[in-house]
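I have a structure I would like to understand better, so I am pasting it below and will then ask my questions one at a time.
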Amino acid sequence: MSGAAVSAKDLSLVFQSADAPVTALQKVDLTIGRGEFVSLIGPSGCGKTTLLRVIADLERATSGSITVNGVSPEQARLDRAYGYVFQAAALYPWRNVLRNVMLPLEVMQMPAAERRERAMKNLELVGLQGFETKYPWQLSGGMQQRVSIARALAFEPKLLLMDEPFGALDEITRDRLNEQLLRLWERTGKTVVFVTHSISEAVFLSNRIVVMSPRPGRILEVIESRLPPARQLDVRETSEFAAIAHQVRVALRAGHSYE
Amino acid sequence: MNEPVRSVAPVALVVATLLLVWYAMAVSLNAPQVIERLDGLGSPWGARQMVEATWSMERPVLPAPHQVVLNWWQSVFDNAIDSPRSLVFHAGVTLSATVLGFALGMLLGVLIAVGVVYNRVLDRGLLPWIIASQTIPILAIAPMVVVVLGSLGYPPLMSKAVISMYLCFFPVAIGMVKGLRSPDTLQLDLMRTWSANGPQILSKLRLPAAVPFLFASAKVAIATSLIGAIVGELPTGAQAGLGARLLSGSYFGQTIQIWSALLMASLLGVGLVAAVAGVERVVARAMGARA
Amino acid sequence: MKHWRIGVPLVVLLLVAWWMLGVVHGDGAKGAALGGLWVVLAAWVLLLWFVLDALARRQGGRTTQMLAPALFGLALIYLWELLVVGWQVPKVLLPAPHAVGQALVSRWEVLWPDFRQTSVAVLAGYTIGCGAGLLVAVAADRFGMLKRGLLPLANLAGAVPIVGIAPIMVMWFGFDWPSKAAVAAVVTFFPMLVNTLAGLAATDAMHHDLMRTYAAGPAATLMKLRLPSALPFVFNALKLNSTLALISAIVAEFFGSPIVGLGFRISAEVARMNVDVVWAAIALSALAGSMFYGVIATVEKAFTFWHSSYRS
């Protein structure tokens, strides 16, 4: 599909480790269309983060093919086609919030006035206007992650790659951030690939859920979510939600029995 | 574990480059004198002759590496160990002061550290001064100590050892304090549930926990102790010891002697630190550290 | 209430101290004849310990924390004065603080040029050594081969008494301050190299990945990530080097100097047994050392305020 944001065919990645080769990804076939919100879910070590890193050109696949925005992942990276959000905020403690958000813009050599304007705009998008001069350590974990998201959005990539961004936060904060992320996605129409190991997070956020098996990482099932758009947190109480979550849970359990 | 192996080739490369640069510098720095002498001889001379001459002068501005090594070799192996012409003799003199000062400094440092950890007054009153003293050039005291103790009749070994001791004890004290305080509150609480008394906590928890810190400070301390011993030989124009050799070499313009004394001092320093590191490895293994 | 516990004994201590000092400096009998005084002194020390203990127990801000060491230090100097004068300790062994103070003032026109001479050597050597160390570290960080070759050698240099090159430097650069600066430069080079390399290598893998996702080149990664993140390590070395540079310059002066310099002053006056001038020069060196260190620590605070070590 030429309009696909990510198109992976027969993708495999084998690590050479000290004892024996480790198959992190095995013949993964996946297509992600533009504007979709796709979650990768699976137990630890199932390769979901590895797959994300291959899309980001932080790892190289050992066989198979993958295109991002129609070009190789390396080209997409050089084109600054995506923003990456890590598990930890990874903010620079020596820069204040505003300068942290401006970091990618500096690297991409954007003029100063434009940098400031974009940074302010994205901080507003994540609801942190007024915090520009604060330093990372003065913010809570949830706020730091929001800055990290603002930073990933600052140069307006079409693709957002998120690796368990809310995993280190408490459930209450995580719920709030999930809602904010969903609203953000609706507003901006970006393509989001989201790695998580929380079933309810995956079901709440995505319109497609990719269930992966433990090592060697394969795609077990891709589940479409029929939840209404513009949904709020209380959709989690509905029976539709429970049905989809149940589907995901069954798929995950099936994957485990392969061991 | 393959880090050392990976380093061998690059280190060899860097050392080879440094040696090449050294030889080149020797030519350029010694050239003026050599050229003057060769011109004075009258007969024509070529570049090769000049270069060879720059590497075999008696009092070069910069001795060539092989000259230094040769001089060192001759001094070590062609002389009796107790002869004042032997670098081994001089190294021995400096070594004895170094080791004595190191031992005393370690003892003093550990005692003060225990005092600081267990006594509030020492902790709040004395420790800040010990930490602040690291900013002071303590070696400036060396001539004082040597002359004063000398005039009181103490042998030079004592005065050098006192300087070394004084230099060592600061890093050891500070390192030991950190080490004695390193066990976390979890461990201390556990001790309390067993009604352990002070000496038991000290011997069973704090001291063993402090061992890595002790060795880290010991490596710094022994290198410092060596410097102290060498500097201690300077003020009174001592006759024996590596510092004395450096001084006499500089008085009489014997460049090669200076360099080979420096080589000996470097070998001594590296050897001492390696010895401490070796002891550390043995102790660490006996205390269950992973290889 | 608590203030009385400290305040009253402190006043007693001060009054008794004043009295003892007067007795000892007076024209009366000295030495063993002052038997009664020593009993008073013993009691005084006990009271002092009590006050120090009470001060040490107090929690509080920076000023409160400084009370105990300040009193400890002052008491030590006082005891030094008292014991040296009271016991008539010979001047060559240990001069009294007041004699040192007098020497500092009376020989100032000699000591000040000494201070200047040594300071020039220290600052020049420090700048060259730290600057070179930083540059070589950045180069070695970029070229792994260079780093693998240099780092073991630099670590080895820590065991070598580098100050021993002083006579060679004198031979090459003459008796004046450049030879001392050269020694200081070589001594400060290695700690700077080792620490800067450690700092540059200490960056998080995550931060590196982030830079990769921005397709940032090595120059941008160096300037925006590695160097700022290496600053705490760099300042560590800068502080360490401030003391090392001063020591090296002074020791290098022991090996031979023109007729100026703190190190020269110490070794020359020691030979003449003018011990109070020696102590004055030592005190001046100590002052120089702590001031130098203090300046660097203050600058450090401005540049590395963000580091976790500033938040407990």
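Read from first to last, the chains carry the letters A, B and C; within each, the first residue is number 1.
Convention: a residue touches a chain if its C-beta (ideal position, glycine included) is under 8 Å from a C-beta of that chain, and two chains touch if they have at least 3 such contacts.
What you are looking at is a predicted structure, and each value in this text was computed from that prediction instead of being measured.
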Query raised in the report: Among all the other chains, which ones are in touch with both subunit B and subunit C?
Result: none
Report summary line: At the largest C-alpha centroid distance from subunit B we find chain A
Report summary line: Taking each chain's centre as the mean of its CA atoms, subunit B sits from subunit C at a distance in Å of 20
Query raised in the report: Roughly how many whole angstrom separate the Cα centroids of subunit A and subunit B?
Result: 55
Report task. Find the geometric centre of each of subunit A and subunit C from their Cα atoms only, then give the gap between the two centres in Å, rounded to an integer. Result -> 52
Report task. Using the touch rule from the top, collect the residues of subunit B that touch subunit C in their complex. Result -> 6-7, 10-15, 29, 61, 120-121, 123-129, 132, 134-144, 147-148, 151-152, 219, 223, 226-227, 230-231, 234-235, 242-243, 246-247, 249-250, 253, 255, 258-259, 261-262, 265-266, 269-270, 272-274
Report task. Flag every residue of subunit A that touches subunit C in the complex, lowest number first. Result -> 56-58, 77-78, 80, 82-84, 86, 88, 90, 92-94, 103-104, 106-108, 135, 137
Query raised in the report: subunit B touches which residues of subunit C in the complex?
Result: 49, 52-53, 55-57, 65-66, 68-69, 71-73, 92-93, 145-153, 156, 158-161, 163-168, 170-172, 242-243, 246-247, 250-251, 254-256, 262-263, 266-267, 270-271, 273, 275, 278-279, 281-282, 285-286, 288-290, 292-294
Query raised in the report: In their complex, what parts of subunit C are in touch with subunit A?
Result: 204, 206-207, 209-216, 220, 224-225, 228-229, 231, 304, 306-308, 311
